Amino acid sequence: MSDRTFVTACLVPLAVFALAFLALPLVRLVQASSESEAGWQIYLQILQTPRYLETLVNTVLVSLAVSLAALVLATTAGLFLARNRFIGRGLLLSVLTLPLAFPGVVIGFLIILLGGRQGLFNQLLPGHIVFAYSLTGLFLGYLYFSIPRVLLTVMAAVEKLDPALEEAARTLGASPWRIVVDVILPGLAPSLVAAGAIAFATAMGAFGTAFTLATNIDVLPMVIYTEFTLSANIAMASALSVLLGVVTWALLYVARSFAGTTVAAGG
Amino acid sequence: MTLTIENAAKTFADGTRALCPTNLTVGPGEILSLLGPSGCGKTTLLRIIAGLERPDAGSRIRFDETDVTGLAVEHRNVGMVFQSYALFPNMSVRANVGYGLKVRKVPAEERRQRVDEVLRLCRLTDYADRPTHALSGGQRQRVALARAVAPRPKILLLDEPLSALDAALRDSLRDELAAMLRQFRITAVFVTHDQSEAMAIADRIAVMSSGTMLQVGRPEELYHAPANAFVARFIGNAMPLAGQMENGVLHLPGGRLQLPASAAGKTAYIRSENIRLDRSGSLEGKVETVTFSGGHFRLAVGGVLPDGSLLYLQHPGRTAPESGSTVRLTIDPSDLIYLADQTSTHS
Amino acid sequence: MKRSLAWWLQGAVTLVIAAFLLVPAVQSILAGVTVNYFRGLSSGLTLKWIERVWELYSASIFLSLWLAIACLAVTLVIGVPAAYALARNPGRLSRMLEEFISLPLAIPGLALALALLQLYGTLSGFRTSWTFILVGHVLYTLPFMVRSVLAVLMAMDFRSLEESAATLGASAFTRFRTVIVPNAMPGILAGALTVVTLSIGEFNLTWMLHTPYLKTLPVGLADSYASMRLEVASAYTLVFFAMIVPLLMAMQWASARAQRIAQ
């Protein structure tokens, strides 16, 4: 077997799998979205139906809030952990990054343990604090799986930051605050954009957490799920899936052109 | 084995001509060096011989009487030492050296004997079971060589085998490599951009530039009788004496030189080692810089050549004229090299 | 060195985040071994909830392990040669193919599951078999394997290694087996641990693709959260943590190692 033949043969399993289980199903999904009475107008319908539009806005707002919060918190912690060496740092780092691959359902359950009817907060202050099933619960759940992702990206970027830049700024008399604003944040900017986009896209598509919290707030993945299983409105479920897929993919694609890698998705 | 290259050419997919049609024969046991600046096509030619690069249609490569042009690299039985050495990081020294025998399914006992023998010849016996990353640069080079010769290849190909080493090590390993290549008695082609390396190791040198083979010959032939200006400059840095020729006399800004009649219509070249300081010399110039380089002083003299070109000379004395002083120079006409029409050459 | 206020604030934020991530996890671990969660630890420690989980869900746990192993096997067979082929042809077409197979990282699992269901849902033999779930897991984990191996290959001069093996007489397959695969091992290992970890934890796709007779570990978790008492749900979560946390740690170690080599 010649060299060229061998290399081509190496791609065959991937090509067959990707065609059968990715390309064709996606084509089918797009096609299915047009198979209601509305035809391709269904995408217009999404924007005209208050329930869907509201869901869309809700999802975008929650995801945006989560990404911003995760960016602020994880950048603070990431800078702290990257710049300081102390006993227990390794342990702290593990605690902050291990939830990376916890599935969304488990995170939903953890939020219930914190803020559910029998949760920690309600036990400490009985009758007052139940937030798991509200927007707050959803927000905290999404924050839970966003923080490790953003933290890992930020820490990788901090380590690549040239310490000489900071030292140069210091020799020029810059205050610590000015150094953060003028040197560190601009240096981290591409990674922060990328990390923010990953957090946003993951939150947009997160299903497990919302599912476990059985929240009464409609987010896009939950609506897709109910349209498909309960209403059997397959065309609408497909159209919403296509919309969700296109938005998250486009966002990540743009973000990746700012900075190299994506951290394990999931949730 | 005799290597015969006929009409070998290489045009890349984007239309770049890496190698113009080239003919070359390397005799049994001969060591030939492909010498030229980077991008001259020497590595492309080496890779065509190895079978790593497919030459253009019409090219022919023969090992003795066998045409190997269409033969895949793994069936050519060549040994190659790569510029980076490309030692397998996942194998010990012994496994690296034995790899070629193993993939050719040589029985274990015979393989062990052969590997031991090659390791001994390359003075690697003590390092046989080390991982390759634990070796020094010189040791890595010897492993690469041992690995290439262990399967008894028909021809040994070396791509800049010394360039990965630091300067201090390079000089001492150059002679060692020359000695080792001779002991294996294999036809060898090795690529380098360093003329001193080529001269020290090769029986014959092929000088290449811009995809063309300009001259093939023994080192002293290339030095004393370069075929064109490029070879004259590349081998031993000959400097052109560009001036007006009238009735057998070369008029230079710094004076005149009497040339033989055969020099008419040609450009004269001189090397720095053939110019002497001489109070009664016919040429006059001003010393621009003086550098001491151990065995001699190197002087750059202005005003001898036109257009502000500097003439370099080696002065073996214990003292040298100071920069800024005026000196007189002598050139023995028998040291001059005459080459036709400078404009048609590559530089 | 004197610590500034900003330093203390930063440290405090870091600790609060760590507490936010750690406290509920510890709660669930404790709840899983407490006799009565509402009366607290004073009610005593017990393993009966874990035994109960074993009775109820051992089939799910074994199914997940089996799926993870099968998923690893498939991603190895498809992903490692593909990564090599992509590394050999670093052109636009390869970038596009890599981008395409990475779609499952960007497109939510729910959307992918819907797509698979609509194309293959009517093939009942396939739809109801464990291989249907496997397809979803492979779809989701394959890009991690391909990228992990590709990164290590691109970082080393694998072409020279391969060419030198070729001059020594090794055929294309022998070169792949004896030179490419052993030297890509750090990337393969990191990819393998990622695949197994993600497969065991995968929920979004699996929830849509599973059948009542084929519940994976996370599907079982969702089931227990909805219908079991808190102690059982916690005990099940504890079992899940016990499986996933060592894998996660191994994955992070292997990825860091592969990245060091890739630099």
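Residue numbering begins at 1 within each chain, and the chains themselves are lettered A, B and C in the order written.
The definition used in the following text is that a contact is a pair of C-beta atoms (placed from the backbone, for glycine too) under 8 Å apart; a residue touches a chain by one contact, two chains touch by 3 or more.
Please read all numbers here as calculations on a predicted model, not as lab measurements.
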Innermost chain by mean C-alpha position: C
Far-end chain from chain A, centres as C-alpha averages: B
Rounded Å distance, chain A centre to chain B centre (Cα mean): 58
Where chain B and chain C are represented by their mean Cα positions, the distance between them in whole Å: 55
Whole-Å gap separating chain A and chain C, where each centre is the average of the chain's CA atoms: 16
Residues within chain C bordering two or more other chains: 166, 171
Per-residue multi-chain contacts in chain A, two or more chains: 2-3
Residues of chain B engaged with two or more neighbouring chains: 72
Complex contacts: residues of chain B adjacent to chain C: 50-52, 72-80, 82, 84, 86, 88-90, 99-100, 103-104, 147-148, 151, 157
Parts of chain C lying in touch with chain B, wherever the complex brings them together: 156-157, 160-161, 163-171, 174, 178-179, 182-183, 185
In the complex with chain C, residue positions of chain A that touch it: 1-3, 5-11, 13-15, 17-18, 21-26, 28-29, 32, 73-74, 76-77, 79-81, 84, 92, 94-106, 108-114, 118, 120, 140, 143-144, 147-148, 176-177, 201, 204-208, 211-212, 214, 221, 224-225, 228, 234, 237-238, 241-242, 244-245, 248-249, 252-253, 262, 264-267
Chain A contact footprint on chain C (complex, rising order): 4, 6-7, 10-11, 13-15, 17-18, 20-25, 27-28, 31, 37-38, 77-79, 81-82, 84-86, 88-89, 97, 99-101, 103-112, 114-116, 118-120, 135, 138-139, 142, 144, 146, 166, 171-173, 176, 194, 197-198, 201-204, 207, 218, 221-222, 225-226, 230, 233-234, 237, 240, 244-245, 248-249, 251-252
